[in-house]
Every structure is written in C-alpha cells, then in structure tokens.
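Below you'll find a set of structures to go through.
What follows is chain A paired twice: with chain B in the first complex and chain C in the second.
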Partner chain A sequence: MNSDQYILGISAYYHDSAAAIIKDGVIIAAAQEERFTRVKHDPRFPVNAINYCLEEAFIEPGDLSAVVFYDHPVLTYDRVMKNCAYAGADSFETFSTATKSILGIKLWVDKHVKQAIGTAGQLGKVIFAGHHMSHAASSFYTSPFEEAAIVSVDGVGEWSTTTIAHGKGRDIQLLQEINYPNSLGLLYSAFTYYCGFKVNSGEYKLMGLAPYGKPVYVKEIYDHLIDVKEDGSYRLNMDYFGFLSTHKTTNDKFHQLFGGEPRQPESAITKKEMDLAASIQQVTEEIFIKIARHAKKITGSNNLCLSGGVALNCVANGKLLKENIFEHIWIQPASGDAGGALGACYVARHLYYKEPRIAPNGKTDTQKGSYLGPGFTDHEIVAFLDRNKYVYTKYSEEEKNELLAKEIDKGKILGFFAGRMEFGPRSLGARSIIGDARNSTMQSKMNLKIKFRESFRPFAPAVLREDVNKYFDLDTDSPYMLIVAPVKEEIRKPVEAHADSDDMIPVINQIRSALPAITHVDYSARIQTVHQETNPKFYNLIHAFRKLTGCSVLVNTSFNVRGEPIVCSPKDAYLCFMRTDIDILVLENYVLLKEAQPKFEESENWQKKYELD
Partner chain B sequence: MNSTNQTESKIKELFEGVIIADSGKKYLLTEIDKSSTSYYETPVHPNQAYFSFIDVATQENFTGYLEQFWKESGNEEFAQAAGAISSLAYSLCVDPDSQQEDISPFIYAMY
Partner chain C sequence: MNRQLFLYHPTIGYKFIPNIKTRIQHENGGYLVRTNDWGFRSEIEFGKTKEAGKKRVLFFGDSFTAGDGVSNKYRFTDLLEQLIPGIEVFNFGLPGSGTDQQYLMYKEFGKDVECDLIVVTVLVENIRRIKSHYRYYFNSAGEKVVFQKPYFDFKNGEFELFNVPVESQPLKIEELPESEQGKVDTGGRFGMARSIVNALGLKELTQKVTKYQPVPEYNTADSPEWKVMKEILHRWSMDAQAKFLIIPLPLYQFTEETSDPKNYQARFGELKSQLNIEVFDPLPALKKYSAEERRNFRHKTDVHPTPEGHKAIAASIAAKISDMIR
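Entry: the complex of A and B
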C-alpha cells in the first residue's frame, strides 16, 4: 500500500471526543467534537468531527483504508474487574456503572462506526490501538525526531498511567510503565477536586493558582500520599484515596490530612488552596523531572517526546526544559485524550501496516501549527454576514493589520478568527481573543468582562519568534503555548512583597512588568512563539503592532467564554462577540465593530447554556 | 421481571459470583516498599498495548475472545466467566446516543 492510504482515528467516551485523518502519513484534519456540538469536553461519539475529517480529506467513507480507536475496552474492563475484586463488596456501584459503560457502549465502537459512516473502512473492522501507545504515537510520529525517548503521563488509560517508550524510525517500543491505581495524573486531579475545581479542566486553574501560594504541604504529600523512587517511579498510598471503591477521588483521611472538607466550588479561594496548589505543583514537577531523567538513562536519546494530559502542565514542561536533560523536547499540543485520535492513526499506519515514516527533518514538526480544524472561505463568511444583515467592512490584509494594530494600541479587544481552527485545548491565533499586553487593566477586563472567569487566572503572550528572547528567558520555539518561562529581568518592575493572606486581589493588581497583562505573579509567562511559516495572518498582525508600537507581544486567549468550547464557525464567533465586551470582530479580512451591529437579542439565557468549568 | 431489572440482576450475579468470589487477590500493586529501588514494570499486556482487534461479531466469538484473553494473562476464574460476560455485553449493547449517565464533573472518568 503505497499511496492514497487514508486512516481515520477516533477518541471517544472518556474526555474530549475527537477525530483525525491522515493520508499517506500526512495529517489532513483533526478536530474535537465539542467544537461542533458546543458541549465542552463532549465525550460522545464524534460523528460531527468524523464527518468534518472526511469532508476535509474530500473522500467517501469507503475510501478509508482503516478506522482506529484509541483505547482498548476489554483491557479497561479487566482493570475494572480486578479493581473491584481488590476493593470488595463496597465497590458494587463502581462495578455496575463501569459494566454498563464499557460492555454497553465502549465495546461496540465497531458497530457505532458502521452506524455513523456505513463502514469501518476497507479493512472491515476497527483496529483498537493501546491508549498510551496512541499518546506516544501522537507525539513521536509528528515530532521532528528520527529517534526519541517518549514519555506519556495521564490519569489512566486501560491499565497504564505512565509509560516510557523508545521511538526509532517507524517503530515504537514500550519499555516501562506504571499501572493503575498509581497515577500522577490522578494525584493531581485529587488536589484539583479538593481545591474545588472540576476534574479534567480545573487542573489548568490549579496550575495557575500555584504561584500565589507557598509549597508548605510538600512534606505531607511525600510523607503520606506518594512514595517516589529516584528513577521517578512511584506508588500512591491508597489509604488516602477513595477511587478504588467509590466515585470520589479522595477520602476522609485525605481531608483530615489537609485540615478539612474540600473547598466548595465557586466559594472564595483561600491561602490554603493557594498553598495546596503550590505544593502539588512542586511535587509533580519533581516527579516529572525524575521520570525524564530515567527515560534518558534507559533510551540514551537526546530527544524527548511528551504526551498525555500531564504534558499540558506547561509550568512543569518549562522546568523540565531548564534542566537540560535532553537537547530537544517536543510536546504534542493535543496531549489529552483528543490527541489519541491522531496517535491512533499513526499506530495503524506504522505498526499495523508497517508503512515507513516520512523522514523527519530534525527541525520542524509535522503538526502544521496544529491548525487542523475547519476553515471558512470568504464566500462562506460573506454569505453568513449578509444573510443576517450584520455590518462589516472588508479590508486588504495590510490595511486590516494597520487598523487593528491602532485599535489594539488604543486598548480595544479583538475577537480574531483566521484560517483553520486549532486542534488541542489552546487557541493559537486562529480562534483567539487578542489585546494589548502592555495595558495594565487588560487582565482584569478580559477575565471579568469577556471571559467571565476567575480574576486570578493569567493570560498568555503571543510573541514573534525572532523577538522571544527580548522579553523572555527563552530562546527556543514554543508554538503551542506549552512552555512557561520567566519574563526578562530588564522589563520587570519591583513589587511589594505580597501579603500572606487570603486576599489575592492586591497581588493580582500589581504591575509586575512592562507587559503586565501577561506577567504572572511569579514573573512567569506561558509563551506562544508565532511563526510566519505556520500562521502568517497572526504573525502579520503582531508585526504590524510592532511597527506601530515597537512591541511584538500581544495577549492571546481562547475565543470563548468560561464553560464554552472555543468558537468554531463565524456564527459561534459572532455570538461570543456580541455576548461579551469584545470590541471588534475580525473574520478573516472582514472587520465588524460592536457599535455598528444591529440590536442583539437572544431568546434564551446563554449563560445558563454553558455550565461553569 | 423487565429487561432493566434482568440486566441489573445479571450484573449483581456477575459481581457476587466472580468479582467477590475472587476478592482478596492482590491484583493491584498498592504496597509501599521502601526497600525497593523502582516501581516500574515491563509492559503487562504487550499483546494489546500496541494494537489488536476485538471479535464481537457474534456472542460466541466474543466469549472465545474473552476466554483467550484471560487465559493468556493467567486469570482462569475470569476466563470461566467469559460466557456470562459476553452474554451481559450483548444484553447491554445500546445505541451510543442513549449513552452517558450524568457523571459528576468533579470525578475523573476512568471507565
């Protein structure tokens, strides 16, 4: 099989359903189902994402060589049975729920695929790729490396929670693993839950909260919750966790250890949560670095590929980079379950069909900037705008960027919609809300009036690649916003030592640098380097802003409100624009001003539609 | 007895007849061992960890698949329950649109 081999990968039924398609080893499309259904983290069978992938590839389902699922339900059921045998009679509810979920739904992927698209491809049956193998494949086969150590860390997939593998050419060999119930991801999620955030989305908040606190609970964590060896392997002390026999991650003993019941969601965040966040973040970083050192030792590689949900912990990634254990690190931007769909495609291509890998060039990845989702033509955008009588002006690319640069400089906030939507959890300039990083009120305005989210949460800078070292202690590519690095000393501003109290507001409002909107409380920033090659539209906007102001950094946050999936279509973008204090909507080269739009009314309360994340 | 109750009854039967009967076995590695230098394992399920197929073409095929799976991994008790599990799977098989009991967002979905 040498040409026109189309493989469809699917992830579903856990977190973030998604589909991806590759043609002869080249990524054609990938998207999360939530973007189409508008249900955040939608776990349902991704029929919309599958249809989009087929459309983007311009093929019929019968043209598919194979369909691959990213997880093995029988292995997962084996784990459930053994978990419940271990836990005993108390675990019946867990067993009953899991049995219905796995034997009733997940086992029947082959049937669901055939119901949805009429075929499981020319192979005639769905291939089941291993969960962690899918993660590993998603990072290695898209990386710039011919050979690499591969580390995957997540909550749990089938049995595994942490795997170390070695990739070389078209092959991946799994070398070592840590299995359920011992899980770094579940440990982090336990603290996410205990601190009152939603599991699987609140981990990011916990990471953002960590710099406000002090790691005063680190000793308690090491003494009671986890035993860690020098090689980074670990075991949890299950006396403190509830998930073996109940639906709860933590138990009373865990709560007693940290002085009381979990924080109620949406209640005030106190110093205790800040300190817990700082503590679990430090422990995670220390273990992560030990695992990486061990992976280096057993593979001898100078390159590292990372994936799994824990690889989205960009603070830990930044610390790992600083350790210089590996010469090069590449992190799959869709590191969570959604990315498993992409990895599953490559498992089929290289391990099942044994097709050779397209030789990597050692420098650039093949993820295409992760702009792998739907894009919209001028014709489609104009049709949408005219049909609804929305008021717009069309500009040339250059005129538009000059205008937008001036508006940003005046403090205006843009909804920026350009090119194909991002695959993965981060907005990278295709579906982004953009503002001036120099503006001292931008963080609170964006958090409270646009995103409607917690005021402590930091924003990320998008910076021209060639200028990254002018502002940050980083001189490497970070196109996927997966690395945190310090703001340069030269642009920092001194602040009073922050009060050791429950009140974060004075700390949040401190001006810490010449780029206050993106400088976190510890002078760090989650950096996106913007590259002409992968996103010329966003690059040109920042370039125009630099020409006007001398500054090549903009605030870049996801184009959505709290609890809403990132916008996908012009309609989604317009709704978000009108529901919030975004000043200007940019749909490719069509610019819409808020004050020029017709009166906006909705029949339903949209804030009820999007459950707070 | 309606079909929902029959299914619940089958799940309970499986739980009591296989799971509880097998309880006490150290299936999970949870002991903290201060004297060991590593908790890493070599891949426990190498046949499935890369890729594989699951034969659910017929109930009999799936029974055979499960029997082989558990015999290969040394779980004779589970292998003997393959027929009951396969039967349960066929009676539980539902349209994916009717899926998903509401799971709390404060719980990590692990099955």
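Entry: the complex of A and C
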C-alpha cells in the first residue's frame, strides 16, 4: 500500500457504538456515538462519530482505503441460533428479538455504511474484523510492546468470551479461547443485575461497592456457579443463569442461592449487596490472575496487553499488577466495545493488508493519552459564549492556573474543558470535574450535588506522574485511570471500627487519609498519573495547585451528571455547569463564574432526560 | 453534534467562525468545510496584497457561492482555479445572506483587497432577502426564532442602511412589532401551501402545472425589491476597485425549465444597458445539458448545487472570467 492509507473502524449495535480512524497506522481520531447524541451507551449506528472521524482526518469518504466493522454479525447470529436451539421453547422471546435485531440491522452493516457516508471506501465493501480479534488488536497494536501476551475478557462477542493470543510484530495469533455461554463478564453482570444495578453500565458501581462488604459468598459462587481450573479456564453452571433463554442474566435458582429476589434499582443498598459485591470481585480477581498466569505460561512473554470490558475492572488490574506475573502491562483505555472500532482499524491494516507495524519504542503507547475526540478552538468558544451573552474572562494559561489553584484551595469545584475529548469511559482531564482531594466534604458534595449519584461511589485522584509514589503504593504510569493502588501508609488516618450494618453513611464519612476525597473505604484509589507530554493543560493546573498548596493531587471525575454521557462540546459543558453546583466553568482559557451568568431557565426537567444507570 | 459555524457580526449580522475545520452531515453523506483566518470558506489564507504574476478574482454571494452541500474543493470558485491557469479566487460567500449583506461584506473585508476582478454571483432568489429585516432559524430547542439582518431602503429619497448594529440575540417572531412581522424571510413564497405540496411529494409537478414563478419581484422594473437590488449593485460597481461583473445564478426551476426566466433576465439586462455594468448570464450554457444532467445539478432534496452542478457553473462562466482578467 502507498502512504495515506486511511482506515475507518466502526463498532455498533450492542452498546457504546463508536468510530475510529487511522492514517498509515497512526490514530487520527476515535469517539463514542453517545457523546454526540447525548444518549448514554448509545448502541445505534455511529453516524455522528463517523462524521467526526472524517472531519478530524479531513478526508472524503472516497479517500478511505477500507471500512471495517469490529464484529462478525453472521457468527453472532450463529451463536444466537444455536443458543435458542439448545434452550428450546423457553428461548422464543430471545430468538425473536435477536433475529429481528441481527437480520434487521446487523447483516446490513454494509448498507448502513453506504447510507451514512455514501460509500464503503475504495475497497467497495465493509471488512468484518471479528469481535475478540478487534479487542486484541486494540490493545496490542497501540501498546508500547513489539511482542506481548494478549488477554481479552468480556461478556460475549460472536462465540468468544475470553481469549488468549500472542502478538508479535504485525501479527496476532489466537491461542486459546473460552466460548459462550461460559463468560466471566456475564457472571459479573449477573451479580450487577442481582444487586440492582444496570447491566453494561452498573458493573463499575458493583466494583466500587465491593470494599464496603466482606467476601462471604465466595464459597457459594465456586460451589454452585462456576468451575475454575488452575489454568484459568472456567465453566458456568447454567442452571443458575437466565441469559440462555430470557433477557435476564439470573434465574430463580440463582435468587434462591442468595436468599431472595434481586434488589430493586434505586432501593436502599444493604450489607447483602456489599458482601455480594466483595465476593464476586474476589472471584473475578482470582480467575483473572489465573488466566494471566496461563497466558504467561503459553506465550512466555514478559508483556501483557489487556482489553475487553472486564479489563475496565481497575481493582482487578491493580491486583494483577501486584502479582508481578508480567514485567509490563498495557490496558486499552477504551476496553469495552467502543475500543473495538479502533482495534478493527488495526485488524485491517496489519492482518488484512499485512502492512508492517510502526516499531513500538518499548516505553510509550500510541494512544496519545486517549485524547482522540473533538477539540474546540478559541474562536469557536468565543463565538458560542458571545452568541449567548454568557459572561467570561480570558486569561493567559499561567494566570488561569494560578487563579484556579486558589479557587480549588478554597473548596470550589471546576468544570474543566481543555483540548480534545477523551476516547473511552474515563475523563482524563479534558472533560473533567475537578476538586480538592484534601477536602473532607468533597466526596459527598460531588456525589450528591453535582453528580446526583449514590453517595458510596468513590472519586479518582489525578496526580503528577513524578509525585505518584509520594501518595500511593504505585510507581508506574497509570495515565488512563485503569489501576487501583493503595494510599500510602504515611498519609493514612486511623478510623473507628464500625459494626457490620446496612448503613454505609458512617463508614463513607470517615476521614481515612490526608486525601479523604479520593481514599476509598479500603484505602485504595483509582489513580490517574498526569503527564506533561500527553496533557500539558491538566498537568499545568495540578502543577500550579502544588505550587500553592504543596499537594499534587486533585479529584478528577467525569464531566457529566448521572446517566448523562460525558460532555463533548462547550454547549454540553455549559449546560452541565448551570444544572449543577459546579462553581466555575473553564473552557480552555475562558473562565466563567456561576454567579456572573445570566439567569438560567430550561423548558423541560433535564433530570428526566437521562435514564439512570 | 454540528459545530457552530457562525459568529455574530455587528454590521453583516453573522459570518463564518475563523479557522474552522468541520464536516457537515448531509443527504449526500456529508461535506467538508474549512474556513481561513479571515473567516471565509477557503482552503487558502487571504491577504490584501496580490502575488506577483497572479490574477486574483473575488467572489461574493450566498450559500450557492459559499458551497453549501459540497466540500470546498468541489465549488465552482475552486474549480475555476483549475480551469483558468494563473488565477486565484477568494470566495467571500456567506450562506443565507442577501445581496445587501454581501455588499456590506465587500465593504468590510473586500474593498482593500488587491484584485483584478470582483464578481457578484447573485442567486436570483436573493432579491427577496434584501427586502427582509429578519431571517428565521430553528434554535437548538427546536423553536422557530429570528435573527435581525441589515438592510438598505429608500427613505425620503435617500438610500439608507438600517438595522446596524445588528441585534446579536435571537428574537421570537411574536415579539416583533406588528409592522415588522411581515418582514421575516421565510425562505420562499406560499409557505404553508409549499409545505403541504412538498410533503405530498408533488413539488415539481405542481410547479410545472402552475407555471410557478419563484421570484415575481423581477416582474417589473419598478418593483420596490428590484429598485433596492439595482441600487445596491450600482453602488457596488461604483465602489469597486477593479473590474466588476454580475452573474445572476438561476434557481433550479429556471435551469430545469419549469419556470420562465425572462423577467429576471430582463432586469439584469437593464443593468448593462442602463448602468453599463457587466453582466453575464450562465443560464443559456446550463440549458445545453440534458434534462437528466440538469436534474443532477442539485441534490435529491437540497436545492444547492451538487459537485456536478458546480462543475457546470464553472464551465459556463470560465471563459467570461478569463476574458475579463486578460
């Protein structure tokens, strides 16, 4: 192939549709459809994300060498058909829905692409990359490694649920796989559902809830639900699960095992849910580590690449890191299905076109900090603010950071909008809500008055890379907030023991460290190391805060409210700013104070607009 | 998400935000828009001083000139650079604008630009816009709002500019003074009937059967709209620092011969005969294409020119442009 080989990757139809584009193997852009449509986890064909990718590359659709879909709908249909044949009459509902879905939409990917952009590129047809190959490619080809073991674990994609592969140079060789219905992702989702959270988005809450409980159900899980071998292979006991024949992940037998019906969403969380969360988290970590050990054994590699939805379980990632099975671990920050769009691009480039890989340097990944979404120029921001007569002040970068550092120190909360939007589920300082990690009331204020979400949910620290070891038992890069590590003993504070009870509030309100807003109940923290090279704007803000206070840690949470996709545009940011108790909005170098803004009125109740996750 | 494309301008009403790089979703799959440092849709930066040895042509017009519906490189202005060796074209097109705003655009941004030719591509429909004081728009909440626009008119025998500085904020039609409520450009004649006919898919048939005349403002030389148009173009020709050319761009009804163009052709012809302004009519050249080709000059539902339409316009005017800059 000649230079200027553009490849567009697409993931769609399940959850979190996305598009990505690469040029000659270099990532140009990637974004989730939800950010544009403002529908969380939007599964629809990503016309807006595709449009954005072509915009960023600034090319015509006819310039695309290839358009690649991350999955193979025919294989998925094959699985659904065989699933239904196995389950018999009970599965009619599943069969009917899935058939309509797959035959109605998924087999027509080619048509949808042509409808959206008028062409399937120079190839004239869409390439289908394969679900787990897309996941594997998304982590390996963006990693710093020339050679690595690749583990991908998610709910299900086509037939596979867990794969181990070996990547070397431009090739990926699939070594072993575990097939549906045996799925670690679906097992975790079963507990997510049973504990009253939404499947495919509430898994993160379950992980956050786990440290409040005790793993008292681990034996029940191993005895009844899953049979795990020493090599990490496993088999689910389908007598306890509903997803073969219904739309529910669990069934009556599962409910009986754990003493009753699932928790109703939004009802009070009890000790039972906390213990269940702790138990499934421990089981997941144990299996995850066994799989990793086995991957090490069969590949002999010192490097590990992780992807798939389960790789977003940053607690398990932290435990895996501590096991020292591999010398280096790289986790794709968009590990869920969205990242499949990026992986699909690389499948086409390296496995279809057999183009050589740009030699990795062994140290830094090629994900560009995952700042792969839209950015907005000063001209665009000013045009937006002036058109609406919003009140702002422009500062130099240095003046702005000095001002913001002072305001954060006073307890003010910022909506921070800088540079290109993140690709993946985490806010990494481009679309973030920022606060003082030392402030003892910050967690409850952010949860209840800004995010409008459950009070138990922890917040993540963003820390200057060079200072991470001052505060945390971690001395490695974690730029994508995918690793959990303990807060240093030196900054911990003793807490009173609380009797096991259903009431989490006294436990939540305990001050556990000098950084109470980001110290979870088990003294852990989900760490983002901030690097001058990938996000100088965020780095400089934290640096200014360190200069003022001596502390190089800030709270960083996603710039959205519960159920809302992370903000994308200045308009999204302004709306979120005005709807919540965020004190200051920062749009690049333009600073807006809440009290200076014109009266804000909305014709509809925005809180009804977003479905709770 | 569509990026905001325009910013407020106190004299013209609005203009493109500078240095935008975006792709606009469209029925043809989408098109690329880039604006330069001056805030015009262009792949090149504008400068006042002309490069030695080059001929420079400035184009002013509305969305047909700015290129709604196609990427920059497919516009007739950009194609002219390929057809005529040694020229550079500055496209000052502004979507939704009237000839009044285009004249103001020239005065604000074009009059000090060294050039060999100034071309005003008047989409013939612009005559309706110059009598409007407001244009409507749907805001992000889906509400129909209006933005004020500048306009010229005769007052006590004097030709005056009104609505400057332009109000920056959108207004609701019902909040306008009663005398102003009829001054909103709603995009064409017979608004309600047009909606019904369009919804029924009978637009082209109806226009053909009724011999629809989309721009009756040209019917007589003394219509108030034509008087204003004529005065704007006259003043512009007088102000021009280089040769001056008017190209009346036909609506598709004229290209596809469902409406009679003779009245607007007569009016623009009078500019030449009465005021000695150079006018070039591309319609005869466009009509030489087959009916099928002419239908493909516009999109399926969007009336703006397709790449084929732009190509045909460029081909039809290239010789005239070339002659005038030699």
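Criterion: the second predicted complex is superposed on the first by the 613 of 613 C-alpha atoms of A that agree within 3 Å, B and C clash if a C-alpha of one lies under 4 Å from a C-alpha of the other, contacts with A are read in each partner's own complex, and residues count from 1 in each chain.
Everything below uses one rule, namely that a contact is a pair of C-beta atoms (placed from the backbone, for glycine too) under 8 Å apart; a residue touches a chain by one contact, two chains touch by 3 or more.
Treat the numbers as computed from the prediction; the structure is a model and nothing was measured.
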item	value
Partners on chain A (chain B, chain C) - clash or fit	fit
A:60 touches, of chain B and chain C: first, second, both or neither?	second
First (chain B), second (chain C), both or neither touched by A:597	neither
Partner, of chain C and chain B, that touches more residues belonging to chain A	B
Touching partner for A:198 - first (chain B), second (chain C), both, neither	first
Chain B versus chain C as contact partner of A:51, first or second or both or neither	second
Partner chain in contact with A:440 - chain B first, chain C second, else both or neither	neither
Touched partner set for A:382, first chain B, second chain C, both or neither	second
First, second, both or neither for A:540, with chain B first and chain C second	neither
Partner chain(s) touched by A:117 [first = chain B, second = chain C, both, neither]	second
CA minimum distance (chain B, chain C), superposed complexes, angstrom	14
Chain B/chain C common contact set on chain A	none
Partner chain B, residues of chain A touching it in the complex	13-15, 43-45, 68, 72-86, 88-89, 91-92, 94-105, 107-108, 110-112, 115, 125-130, 132-133, 155-156, 158-160, 163-164, 172, 174-182, 185-186, 189, 193, 198-201, 227, 229-231, 233-238, 243-244, 247-249, 265, 294, 347-348, 351-352, 611
Chain A-facing residues of chain C, complex	1, 3-4, 6-8, 17-23, 25, 28-30, 32, 34, 71, 140-141, 168-169
Residues on chain A engaged by chain C in the complex (per definition of touch)	35-36, 47-48, 51-52, 54-55, 58-61, 116-119, 374, 376-377, 379-380, 382-384, 386-387, 389, 568-569, 571, 603
Contact footprint of chain A on chain B as seen in their complex	8, 11-12, 14-15, 18-20, 22-34, 36-46, 48-54, 56, 65-66, 69-70, 73, 75, 78, 85, 88-89, 92-94, 96-97, 99-101, 103-111
